[in-house]
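Here's a structure for you.
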Amino acid sequence: MIGMAANIAFLVLAASLALCFYRLIAGPSLPDRVVAVDTITTVIIAMIAVYCIKESNAIFYDAILVLSILGFVGTVSMAKFLGKGGRIFGE
Amino acid sequence: MTHLLVLPVLIPLTAAILLLLFRFVPMARHVVIVVAAVSVFVVDLILLSTIQSEGIQTYRLGGWPAPFGIILVGDLLSGIMLVLASIISVCALFYSFGYLKEDGQRGVFHPIFFFLWSGTNGTFLTGDIFNLFVMFEIMLISIYSLLTLLGDKKQVEAGLKLISMGLLSSALFLAAVGGIYAFAGTLNMADLAVKIKPHAGHPLIAAVAMMFIGVFGLKAAMMPLHFWLPDVHSSAPTPISAMLSGILIKVGVYAIIRVFCLIFVDLQETFQVFILTLACVTMFMGAMGAVAQTDLKRLLAYSSVSQIGYILMGVGFFSVAGMGAALFYIISHGIIKAALFMAAGILKKMKGTTEMSAHGNMIKISPMYTLFFLIAVAGLGGIPPSSGFFMKFQVIKAGLDGAFYAPVAVALVVSLFTLFYLVQSWQKVCLLEQKEAPESGPSIKLLIPVGVLALLCLVLGIAADPIIQLTTAASQQLFTPELYIQAVLGAM
Amino acid sequence: MASEWLTLILLLIGLFFILTGCIGLYRMPDVFCRMHATSKATTLGLVFILMATFVHLGFGAVGLKAVLAIVFAFLTAPVGAHLISRAAYQRGVKLHEASAIDALRARYPQEALEETPRDQD
Amino acid sequence: MRAHWVLNLVLAFIWCLLQQKLTVSEFVIGAVLGYIIIYLHRSVLDDRKAERRTLSFKEYVVYLVRIVRYTLVFLYEVLKANIDVVKIVLSPKLNMTPGIIAYKMDVKTDAGITLLANSITLTPGTLSVDISEDRTTLYIHALHIEDAEDLKKSIHDSLEKYSKEILG
Amino acid sequence: MKLLLPLAIGVLFGAGTYLMLQKNILKLVLGLSLIGHGANVILISSGWIGSGQVPILGKEEGAPFVDPLPQALILTAIVIGFAALAFLLVLSLRVYRDLKTANIEEIRGQRG
Amino acid sequence: MTAILTIVFLPFAASLFILVLSPVLQKVQVGKKLGSAVAFVPFVCLSLIIAWIPELKSGAPAIFNISWVKTYGIELSFLVDGLSILFGILISGIGFFVVIYSVWYLSDKEDKVKFYLYLMMFMGAMLGVVFSNNLFGLFTFWELTSISSFLLIGFWYHKEASRYGATKALVITGLGGIAMLAGFIVLYQITETFDITKILTMGDTIRSSPLYVPALILIFLGCATKSAQFPFHIWLPNAMEAPTPVSAYLHSATMVKAGIFLTARLSPAFSGTAFWTALVAGFGLTTMVVAGVLAIRQTDLKALLAYSTISQLGMIMAMLGFGTQYSGEAAVVHILNHAAFKAALFMVVGIIDHGCGTRDLTYVGNLRKEMPHSYKIAVIGCLSMAGLPIFGGFISKEMFYESTLHMPFAPVPFLIPTVAVLASLFTFAYSFKFLIWGFFYKAPEHPPHHPHEAPMLGLASPVFLALMVILLGLTPGLFSHALLEPAAAAVTGQPADLHLGLWHGINTPLIMSFFTVVLGTVIFMRLKKINAVQDEVSASVPWLSPNFVYNKGFLEGIPLLTRRCLWWFQSGYLKHYLFVIIAFVMASVFMFSVSQGWVLQLDRLFKTEMTLVQGLTVAFLICAATATAVFKNRISAILSLGMTGFLVAFLYVVMGAPDLALTQYLVEAVSVILILLVFYFMPPYFEEKATQNTKAVNIGLSVTVGVVMCFYMLMVMDSHLVQSISQYYLETSEKLAGGRNVVNVVIVDYRGFDTLFEICVFAIAILGIYAMLRLKKKTNTKTREATLK
Amino acid sequence: MSSIIFKSIVKVVSPILMLFSVYLLLRGHQLPGGGFIAGLMTSAGLVLIYLAYGCERFDWRNRSRFFYFLFSGGLALSFLTGMAGLFVGGFFLKSGFTHMHMPLINEDWEFASAAIYDIGVYLVVCGVCVSLMTLLGEEK
């Protein structure tokens, strides 16, 4: 049952991913795309989580943690790059 | 179990790390450089003689048994390459002291140089296909770094070319390793040879072999994969140009020899025409390129392309004689070309350019320079009794023995052009009158390594017999891969 | 068995919110509105799914990493949204035309906005 | 340096959670590692003069209660927010009047502002976009601005009140 | 379904090549990254068994383990690729600063 | 043993000695002393060689061996027989006179140290050539003669013409040398030895071998280029840029005779076939005629002698080509004659050049009064060259005529004698041009200096040589028994019995000589008109000359052509390079796997071995990768690159590789940040304007690459033949390495060596990056400061 | 200018991140993790700090040597572990591990040379990435 549910979950998440990809490609503004990527990261985290459930294996849990941090780091650096002001690594 | 085999990798690595740690203590760095260079040289010589007397040596890194861990294997081919590498490296190191003036530059240059040396030695010793990839990467990244070290525009630009092609070849290498691992489930080259033997005709194996030719050919500057070479060799800091032409392009040839004499033994016939054709094209086009040059370093770079063609031709005969010839060629060309590049570097130091029209009259300024240059020119031109004669002689002989008349004809014609462009460049640099005399003559620090290499070229010619016996023995060993396999995997 | 059902329910809720968030991302008219959808719904969806994993795998396997991940999600998602929306505004991304007020205009008058943003959209 | 000590303890505790072992030895290791990490972070953590306050035990208890209360309120708001979003997103016609309002804050500390801003983002129809230079005004993007003052008041009465209680 | 993976390899390499053939130096960087991904995926699928257990020992029963060796190889390859990418990036910055252009066609090197 | 080593290596030792002492010698004004000292070297050699003559008659040729390269049977071994003695005497004898002459000739300004250094090297090389008993010993010395003659010809390196001449000589003889190298190897395949004595005994084997023709052609190419046979003769006139002693030496007795020597040396093994005669005699006769025609045109005395030399060499070559015993003897005789009179004449030209400041007949003439001694020498030399009685030249020309009459394989009965006479007409004409125009006619212009005769020191050598010429004519028997017979025996392979004399009664050769003199006089009389016609012809059809091929084709054409091709091929565009490389590799990978029988096995493809989530991931991966390529905005492109990386990482997750996934996520994120950091300083994407064609080609290649890699991947996935070695890791990881994460254990333990170098890669990269970002800046500031100062 | 919201979050997130990276490092031999991953994780944490506070706050001149010796020292550490294998175990890179009973806390701890090797790797990756970020961050 869990396996079934996981597969369905994957399909739903894939649909979500597709929506995000639409936004990534369609834009129209760069911040839109960044939001899309941020969301994709979240969806991928969800996918890993579902995978963990499906495989009943917590080995990938660190990937969830790592990815949630990295998604944040990526988003922030993008925001700094796109926003007004000095350098990315400037205060 | 002796640790002799791992020392050629370990000593330069130790030196590199020590140089990193002693970044701010110049004196200590000098001591490390001298001690390490000398000891690698000695170890390489001892290793070669050990291999000669006791046969193929192996070393299990980490103590892991053969197909599972990484094995270092020293056969005669490796031994020869190691010794050649150490000769050229020692000279290049010596030369670098005269060439690089700033301590900041040296502080970066020397550690990377030793990493490079270690990686080169590792390439020659490793018996593992993926480890070969890692060693290649070490060499590549070192070359990128050393090339762009001084930050000239030309260097930066050549660096961009080299690194893009390098990354491309790395990807290709990985793809090939993936293919071969999928096929045979192992990475140890001896084990691969055993596992692939029954399926030699499989198309995947052919594809993988071709990819390896692509990767190694790019490294060796085989036409039409040579594009990076003229820019890189001509713009690199001279000690590095010498290393590049002297030893590093041969690494590509070494790898081709290794895989085709061990893993893809049964594909030799399939690829023979292909390799020979490319060898001829490389040889011819390289020489033509050299004829058209006005810049000495660039001329030498094209000449290297051309000479790689000869070496590949020797390899492509896939006969004991041909392989022996190629090995001798590798040694001899390495020494001569290193000498020539260093000679060009002296010009660069004197007037800031290697454009031949800017130089002249070296015969008045420095007769010794002229003499060394001439010896090297005669050597590469194949004039006996220099070693250059024997390198050409053997390749041609091997070709005629195997009835490869067309490649031999190309080789002969090209060798005429070789002599021509070299002599012309020598004339232009040494004989031609030049109005603007340089402020100073060549520094003795730079001249010594050139002289040593030039003399070595003569000595190798006059005492050619032991070297030829050595290369022939190495070639025989290569054509009995069972020896290698047995040394690595034990009695099968 | 009960834990399995709980897992499924949590999973279902999580999926629902994530999908909603993504639909919001797809449907909403401007970047600020889209961010409402993603910063709330998607984050919450993720939190539910993480809870589902926690339930399914148990404390022994996951430890409190799930909690850590949830806390992380709550800490970082709004900050990310804040930074992106700020950057968007600074770049001069237009608000949806139905927007009623724009108080931030006072802080960033039109001329103070990045005249030519680093990268055109 | 109170904050440091708290952080150090939190880190030690997190270490235990990560190791899935609540033993003394793990806790000690975690504490030591935490100390090292905090030491390396000192220039980040001390970027502003931290206000020194000493709390009595009673205050600590009150503090904890407040945190719990805040959390509950927050979670409730979050759920509400999401239902709100779902309603908007899934309705065939997107009916909303978005806009950006300026909100004067009472919280003064960095931590308080952060908590407030994050809470605002995670709760219904609002999103913190920016803060003024003088850290007094929060610019909030909202999906429904029928009445701006109403919105400000609701924020002030729930989220900000509780945030302020915890982090000043 | 199995065809998807070769297709992905094709697309990664093809897209990488396409990017490398453009004029912008940044596209070169991106193209090389894509090709690197492609190589890694080839490598991981060389230990392909469809699905299997994560190669972390503990519970030996159940499905067979996924081949750990290609994973180790890719790990090495990724890290090396990362170092090279970093170098390439800084180099392209250097190129832009020294030669004042990001168009590869304008930084034509020595001809002949 | 010692003697032969002394003979060959004494000159080398001398040159090495000079080289070592050169710093000292350069400083001290050596004056004339060095030349006098050096003269001892050829003198010693000469004496030693002459001392050998008695031994020759008593026994077999003497051979000495010093092994050089055993593997190939290359040795330094020496052979002392009649031929080598004859040449040895010429080389050391004329060498001696040349050195004496040079003592006078070279002014104090000249770099004598270098001159004698090169000269001794050359002499040693020549002696080595003639005494070698191993083909590769010979080849070594042969190439050394090329190099040292290159140095000698280019002695006045500041003159463009000198350098041109030197290079030309080197290139053309180098061409021959290379062919010869191949020829020797082909010969080795027939005989399996490089030992000349052995080869000489294997004549029948050689002649019957299928490799006979290629071996002969290749080796003869070497001889022909060295001996300046048409059309390879063009280097010789330009080589006249050398100082006259060098010309006298190189072009009378030594360098150009090396080709003759080798042909003679190998003729017992090769001659006697129609092909040999056609090749060697054909070349010889053609050369003789062509060079004669060209010689009469020259006004520069040295050039005249140069063409004359070519013509004479053609004659000798022709005689060797006839391959009869008599012609072989004739050749030997003429070698000696030619050496004597040609050396004397060259020295005379040197004296004229010195005395008048020019040697062009436009300025020089009527010298018999101002230069009485030179005049006498010139008379002797020219008459001998013209083949008139009482001089040696007459004897050998008669023998030449005689041998044309009896040549084997003659195509048409009277053709060859006619050609011989024709060629000799020109010989007669140019000999008289030299003599009459130089010493009798008045020149149209005045020379730069007023002519004056050379002192005793300068005259000594030519006088002695002139005496030799007379002796050779009057008492040929003096030489024939001791010197010429053994030499002829070596050439023909049979014991020789020479009866040399001026008078053999009235026979056909004498009649031919008569015609030669009569018709030659006619030509001489009409010389001006003939020259005018020649000038016209050479002006209207310049491409007729092989020089045209060398100058326009080799020197200018090839560099131009290669530069053009190279400009197209090595275009400097990275894009172009990448294109070619990728196309080449992909095409050949495809080619080889298809040629090895790859076929698409569709049935295996559709067996689903992929889980749903894997499939979905890969599908999105494809989207992201495509998006990266097509985005027109760089930030979008980076974003989708990041997504590609994240999806790859997720693929690792669903393929059971947690370590990989973690690493990939981290690397991807850090890479994106790095890219952003760098992109910050760089401009956004610009619009890529490309023609439709370029776009099509790029897309074409990309699709090709995609297809090939896709198909490679299919092969990879289809071929899991054997159990991989990983089973071992899984079994032993915990037991032997103490780790349960097998991937990590592989990385740090089983393959820890990889990892060690991998972190080195990291360290190197950061060092390189540091250098790029920081070192440059430092240098810049420094140079800026320097310029400010 | 960075947002104070972001800055405050970083103060909390970054130490946890670092702790997490140490966790990944030390358990790498048994579970996913190891030197590379941990090193990159630490770098990501530092990136976060740089993003929030800028890298000017950290004086390059003082830190550069620190980072420099971080990666040189890491390299030396890994190398020395390998050399120790040579001198103790008989092969270069020979690894060893032992289970030791810790008396006070009554636990079995595994000591593996591979762990030290991995720490070396960690230091190199950390040092290099951080140097890289700092170098690029300081570019003007």
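Note that the chains are named A, B, C, D, E, F and G in the order they appear, and that numbering of residues resets to 1 at the start of each chain.
The criterion applied here is as follows: a contact is a pair of C-beta atoms (placed from the backbone, for glycine too) under 8 Å apart; a residue touches a chain by one contact, two chains touch by 3 or more.
Owing to the predicted nature of the structure, the values given are computational and were not obtained by experimental measurement.
Counting steps between touching chains, the shortest path from subunit A to subunit F takes 1.
Among the remaining chains, those touching subunit B as well as subunit F are E, G. Taking the CA centroid of subunit C as reference, the farthest chain centroid is that of F. When each chain is reduced to the average of its Cα atoms, D sits farthest from subunit B. Separation between the centroids of subunit F and subunit G, computed from CA atoms only, is 62 Å. Averaged Cα coordinates give subunit E a centre that lies 49 Å from the centre of subunit F. A straight line joining the Cα centres of subunit A and subunit C is 10 Å long. Inter-chain spacing, taken between the CA centroids of subunit A and subunit G, is 26 Å.
Contact of a single residue of subunit E with at least two other chains is seen at positions 20, 25, 28, 38, 40, 42, 44-48, 54, 56, 69, 75-76, 79-81, 83-87, 90-94, 107, 109-110, 112.
Those residues of subunit C in touch with two or more other chains are numbered 21, 23, 35, 43, 65, 68, 72, 75-77, 79, 82-83, 85-86, 118-119, 121. Within subunit A, contacts with two or more other chains are made by residues 17, 27, 30, 34, 36, 57, 59-60, 62-63, 65-66, 69-70, 72-73, 76-78, 80-82, 85, 87-89. Pairwise, the chains that make contact are A-C, A-E, A-F, A-G, B-E, B-F, B-G, C-D, C-F, C-G, D-G, E-F, E-G, F-G.
For subunit F in complex with subunit A, the touching residues are 612-613, 616, 620, 623-624, 627, 633, 635-636, 639-640, 642-643, 646-647, 649-650, 653-654, 658, 661-662, 665-666, 668-669, 672-673, 676-677, 679-680.
Against subunit A, in their complex, subunit C makes its touches with residues 4, 7-8, 11, 14-15, 18-19, 21-23, 25-26, 31, 34-35, 38, 42-43, 45-46, 49-50, 52-53, 56-57, 61-62, 65-66, 68-69, 72-73, 76-77, 79-80, 83-88, 90-91, 93, 113-114, 117-119, 121. Residues of subunit E that touch subunit B in their complex: 20, 25, 28, 32, 35-36, 38-40, 42-48, 69-70, 73, 76-77, 80-81, 83-85, 87-88, 91-92, 94-95, 98-99, 107, 109-110, 112. Put simply, subunit A touches subunit G in their complex at residues 59-60, 62-63, 65-66, 69-70, 72-73, 76-77, 80, 85-91. Contacts from subunit A toward subunit E in the complex involve residues 57, 59.
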